[in-house]
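Two complexes, one shared chain (chain A), two partners (chain B, chain C).
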Partner chain A sequence: MSDFLANNAGLFFALLGAAFATFLAGIGSAIGVGKAGVAAAGVLSEDPSKFGKVLIFQLLPATQGIYGLLVAFLILSNTGLIGQVKEVSTLTGLLYFAAALPIAFSGLFSAIHQGNCAVAAIGTVNKKPDQMGKALILPAMVETYAILALLISILAIFGINAM
Partner chain B sequence: MRQTDFTYAVARVRYKETKLLTDNDLDTMLRCHDADAVLRFLKDRGWGDSSEDETVDELLDKELERTWEFAFESVDDHEALNFLLIPNDFHNAKVAVKCITRDIEPEGIMLRQAVFAPDTLYESVRLHDYDRLPDYLRGCVREALHTLLQTSDGQLCDVIIDRACLMTVYQLGRESGVDIIERYCELYVASSDIKIAVRSAKTGKSADFLRRALAPCDTLNIDKLITAATAGVDEVIDYLRETVYRTATDALSVSLSAFEKWCDDTITDALRPQKWEPFSIGPIVAYILARENELKAARMILLSKLNALDDDIIKERLRSMYV
Partner chain C sequence: MSILNMQRITVIALLKYCKDILETLQRRGVVEIETYQLDDDDGVFERGDTAAYQSQYLRSSAVARQAAEIIHTYVPEKKGLLSSMSGRKPLSLAQYDALVADSQDILHTAYDIVSYQKNIEQNRLEIERYEAQKTAIEPWLSLDVPMTFTGTATTRAFIGSFPPNKTREMLLSELSEQTDVADMTDIEIISSDENRTYAFLLCPIGCADALSDAIKKLGFEYPPYSAPVSVRKRIKQIDQHISNRRGRILENEANIKSVSSSLSSLDFLEDYFVMKAERYQAFDHIILSDNTFALTGYITERDAPELSRYLEDTYDAEVELSPSDTDDTPVKLMNNRFAEPVESVLATYSYPIRHETDPTAVMAIFYYIFFGMMFSDAGYGIVMAGACGLLLLKFRNMEEGLRRAMKMFFWCGVSTTMWGLLFGSFFGDAVSVISNTFFHTAPPAIPGLVTPIWFNPVSDPMRMLMFSFLLGIIHLFTGLFIQAYNDIKHKEYLAILYDVVSWYLLVGGAILALLSLEMMEGIAGFVLPSVWLKIGGVMALIGAVLILFFSGRESENPIKRLLKGAYGLYGATGYLSDILSYSRLLALGLATGVIAQVFNQIGSMMGSSVIGVILFLIIFVVGHTLNIGINALGAYVHTNRLQFVEFFGKFYTGGGREFKPFKINTKHYTVKEDI
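Now for the complex of A and B:
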C-alpha cells in the first residue's frame, strides 16, 4: 500500500486538487443557491408572476460550482486520469493541487456570500420590480472574485503543463 | 434549537410591505365623506372578506387574524413571537378572574390571538387548577383571584396581573438576544411604567401602590419614578427629563394619548431599518407591529367617521406609518 502511494503520489495529489476544486466550490454553490431558493420560494408564495426574475437571482451562485468542475476537468485531463494515464511526478501532482486551491476556496466563500447578496436583491425586486437591473448588478459583483480565482487556477494548470 | 434564519419569511414580508397603508392612504381615508367610503377604500385594498354587510369590527378582526395567520405560517419558531402575544394572555387572565368572581360568561371578551388557549385558561381558573397554567400566568392568576375574592378590589387584581405581564415581556426581551425585540420590550415596559406613574400622580396613589404596580426596566429608576409620582405629574415629567425619555416630555405635558402616540412613533422609527434586513426576525416583527399600527389607524378613522368627529382631532392622533 505504502509502495503504491509512493509510486503514485503525484497522481494522488492531482486528484486531491481536482476533488477540492469540485467539492468546495460545489458546497459554496449549493449553500448560495439554496439560500436564494428559499427567498425565491417566499416571493413566489405571494406573487408567482415573479418566477422568471427570482430564478435569475437564484442561479447566480451556481456558477462557482461550474468553475470548480471546469478546473477539476482540466486537472483530470492533463494528468491523463481521463483517457490514457500519464506519469505524474510528486512535484507536478502537488503543483496541480496548489493550482486547484484558488477556485476551491474562492468558490466556496464567494458562492455563499453571493447567495446572501442574492437574497437581499430578491427582496429589492420583490418590492420594486422595476429595479431588476440595479439589483442584479450587486450580487454579480461578488462573481468577480470567483472569476479571478478561476483565471489563476487555469493559468497555473496551463503553466504546469508547459513546464 | 431556535430558528435563526428567517429568509423565507422575510421574502414574504417584503411583498406584504408593498400592501401596507402609507401616510398618503391615511390622508385619502380621512378625506372620505363617511365610514362606508372608508370601508370601500379598504376593501379595494383587499381588506376583509367579500361580503357587503361586514361591520367595522369584523373587518378589523379579520385583518388582525390574517396578520397572525401569516406570521405563524411563515415563521417555524412561533415562540420567537411570544413577546407580542403574551400581553393578550394576561388580558385573558384578567377577564377570566373577573368573570368567574362575578359569575359572567366571557363570551367575546377574551382575545383569540394568544399564546395560551383562552378556553383552557378560563377553565383552569374556574376549577382553580393552576397546574395547567403556564409558569408566567400561574402565580399572578392565583394571587389576583385570591385578592379579588378577599378584597373585591378589581384595580388591585389588575395591578397584580399587569405587573406580571410587564415583567414577562421584559424577560422575553432580554432572552431574545435580538436588538429590535429587546428595544421594543424595554419601551413597552418603560412606557407602561410612565403611564402608571402619571395616572397615579393624578389620582394621588401611595408609594406602596406604585411599588406593587411598577415593573423594573433598564431605562428607568423605579425608586426615583415612585418618589416623583407621589409628588405630582410635573415631578414625573422633571424626572423623565433626566432619562432617555426626555423627548417624550412634551407629549406627556399634552396628554397620555399624545404620549402613547410618541411611543408608537418611536417604535416605528426604530423599526424602519428592518426594511433593509434580509435574514433576521426583525422584518417580521416590524411587519406585525406595522400591521397593528395601521389597524389602529383604520379603527380611529372609521370610528371618527361613524361619530362625525372633526378630522383634525384624528390627524393629531394618527401614528406615522412604517412604509
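Now for the complex of A and C:
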C-alpha cells in the first residue's frame, strides 16, 4: 500500500495542482460573472439596447476561469493524464502543484474583485454610455494580476517540463 | 496625424434666406452652430422661439413612424441577419426635392393609415363585445320567449341559472324546502352545462316575491345579458353584426395594404420632419432682426472657403471667418485610412485639447501590433479580417461608427494573421493534429501554418517575454518622444532635457546595466559586455540627478523642490511596473495558442473513425468560435489598456471637445449634396 502511494504520489500532486487551478479560479470567475450578470440584467430591464455593451462587462471576470483551465490542461498534458502515460516523480508532482498555486489563488480573488469593479462599470455605462472606453479600463486593471499569475504558472510549468 | 485648424464663422444674411441657408448647412454638415451671444440691451436683434414648431414636426414624424409600423404588421418586412449593418440609403438632391414636394400627400397617407388602423381596432373591440353577448345567450337558444319576458298579467316569469347538475325534480324538491309556493311554480330546464343549469320559472303573480327570495337562496342568478328579442333571432342579428365588422376590418386592411408601397416615403417623412425639427432647434441659436439674421459657429479651415463662397454667391450672405485657437474650440482629427479607425478608440479615452499632438497615427501602429500579438493565430486573423472585409464590401452605406470599427478589426485581423504565421499558429496546431490523427503521417513542414517562420512562443516563452518587454520599452519611449515634440511646439526646450531626456537616461541606463549583469544570462539568453554596466550606471545616475533637481522646478522653495524631485524619482517604480505590464503580450498570446491546442486535442480524441471526424468537426467549430470570442475581447481590452495607461500616461492629457457639426441626423436616409 505504502509502495503504491509512494510510486504514484507524483501523479496525485500534479492532478491536485490541476484541480486547484481549475476550481479556485473557476469559483472566482463564477462569482465575478454572476455579480456582473445581476447588474447587467438590471440595466437591461431599463434599456435592452445596451445588451452588447453590458455583455462585454459581464465577460471580463470570465477570463480567470479560462486561465485556470489553461494551466490545468498544461499540467494534465505534461504529466500524461491526457494522452501518453508518463512516469511522474513525487518531486515533479509537487512542483506542478506549486506551479498551479499562483493562478489558482490570484484567479480566485482577482475575479471576485474584477466582478465588483465590473458591476460599478456597468453602472457607469448605464448612466453615460459614451464613457464605455474608460469604464472598460477600470476592471481590466484588476485582471493584470491574474495575467501576472498566469505568466508565472505557465513559465513554471514549461520550466518543470524542461527539467 | 493632425488636428485640423478651426475657424470661427459668422454668417449674416437676409431673413428670407434663413431657411435655405440652414438647410444648406444641415445637408453639408460642416458647421458646428453655437449660440450667438446677445447683449441684453440690444434693441435690434432678438431670439426666435420655435418650440411650438419643433413639437409639431416631431409629432408629424411620430405619425409617419406609426404608419410605417402599422404597414409592417400587415406586410411583414424581410429583414436579414445583418440588415442592421446596411446603414442609411443615400438620396440624390433631385430625389430629395421630389419627396419634399410630396410631403403633404405622404403625411395625409400617414394619417389615413393611422385612422384605418384605429377603425380596425374599434371593430375588433365590437366583435369581442358581440362574441361575449353571444356566449351569454347561447344556452337560452331553445327558450321560445324573449329573455326579457317577465310574465303575463297574472303570471310572473324568472329567467336565470342555478348551480350546475340540477334536474327539474331536484330543483322542485329543493324549492319546496324553502317555500310553500313551490307546488304552484312551474320549472323548465332550458339547458345545462358544466357551469350552470339554465332554467325558466313561472308562477302566479301573487307568489312572485316568495319565489324570488327562495330561488336566491338556491343560487339563482339573472343572466349577464338579456336579448330583447327571441334568442334565436338575437343570435342571427349578432352573427350579422360580427360579419359586418369582419368585412370592415378586411376593407381597412386592404386599404392599408394598398398603400404599403408608400412605406419608403413614410420612412422618408419620418426623417424629413426630424430634420425639420432639428433645423428649428438650430434656429434657437441664431438671432434675428426685422429683415436679417446672424449665426455663428465653428468650421474647419479646409471647408471654410468653399462654404463661404457658396453662401456669398447664392444667398448674398456676409460671411466672416477668423482663426479660432482657444482651448474651448472643438477638435476635429484628420488621419489617413490606416490610422483613422483608431480615432474611435482615442475618443473613448478623451479627445486631445487644441494644442496637443494627435496621437492617433502612432497609436494605430502599436494598436495593430499589440492586438495581433495577443490574438496571434493566423487562422483567427484570417477569419476576423475576412469577415470584416466582406461586410465592408457588402454594406457600402454602413454607418460611420460601425465602419470604423470594422476597418479597425480588419487591420487587427491582418496583424493577427501576420503574427500567427511568424509564431506558426494556425487554429492552434490544427494542421499537425489533423495530419497525425486522420492521415497518420507527420504534417508537411509548411512555414507559418505548421512550423513558425520566426519562433514558437509556446516552446520558447522566455524569448517571447524579452521581446514583449522590448516592444514595451519602445512603446513607452515613443510616448516620451511625443512629450518632447509637444514641448518643442510650446517652445519649452529645457523641459525636454528635464522631463524626457532624463528619463531616457535613467530607464535606458538601468536596462543596459541590468542586461550586463551575469544573472540575466539565464533569463534573457545573452549578456552584454561588463563595460556596459559602467556606461549604463553613469547614464542612469545622470538621469536620476536631473530628475531629482529639476522635476520639482516650479517650486521656489529649494527644500520643497528637492522633495518634489525625490518624489519624481520615485516614478521610476512606475516605469518598472509599466514595462512588466507588457508581459500580458506573452500571457494572452499563450492563452490563445494553448486553448486552441486544447480544443484540437479534445477533438482528436475519438481517433480517425467516422464518428471521430464528425466529433472533430463539431468541437473544432464550436471550440474555436468560443476561443475567438473570448480572446478577441481580451486582446481588445488589454490593447486599449496598454495604450490608455502605459502609453498615454507618458504624454497625453486630453480633455478636448469633439467637433459636432450641425448635420442630418436621420434613421433611414441620407441626402448627398453632389450626386
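Methods note: the second predicted complex is superposed on the first by the 160 of 163 C-alpha atoms of A that agree within 3 Å, B and C clash if a C-alpha of one lies under 4 Å from a C-alpha of the other, contacts with A are read in each partner's own complex, and residues count from 1 in each chain.
Here is the rule we use: a residue touches a chain if its C-beta (ideal position, glycine included) is under 8 Å from a C-beta of that chain, and two chains touch if they have at least 3 such contacts.
If you're wondering where the values come from, they're calculated on a predicted model, not measured in any experiment.
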item: First, second, both or neither for A:K35, with chain B first and chain C second; value: first
item: Greater residue coverage of chain A in the superposed arrangement, chain B or chain C; value: C
item: Partner chain(s) touched by A:K127 [first = chain B, second = chain C, both, neither]; value: first
item: Partner chain in contact with A:L81 - chain B first, chain C second, else both or neither; value: neither
item: Contacts of A:I147 with chain B and chain C, given as first, second, both or neither; value: second
item: Partner chain(s) touched by A:A9 [first = chain B, second = chain C, both, neither]; value: neither
item: Which superposed partner A:A19 touches (first chain B, second chain C, both, neither); value: neither
item: Chain B versus chain C as contact partner of A:A98, first or second or both or neither; value: neither
item: Common ground on chain A, meaning residues reached by chain C in one complex and by chain B in the other; value: none
item: Touching residues (chain side chain C, partner chain A) in the complex; value: 345, 347-349, 461-462, 465, 580-581, 583-584, 586-588, 590-591, 594-595, 598, 601, 630, 633-634, 637-638, 640-641, 644-645
item: Partner chain C, residues of chain A touching it in the complex; value: 56, 59-60, 62-63, 66-67, 69-70, 73-74, 77, 82-83, 130-134, 136-137, 140-141, 143-144, 147-148, 150-151, 154-155, 158
item: Touching residues (chain side chain B, partner chain A) in the complex; value: 5, 7-12, 14-18, 74, 276, 278-279
item: Residues of chain A defined as touching chain B within the complex; value: 35, 38-43, 45-47, 116, 119-120, 122-123, 126-127
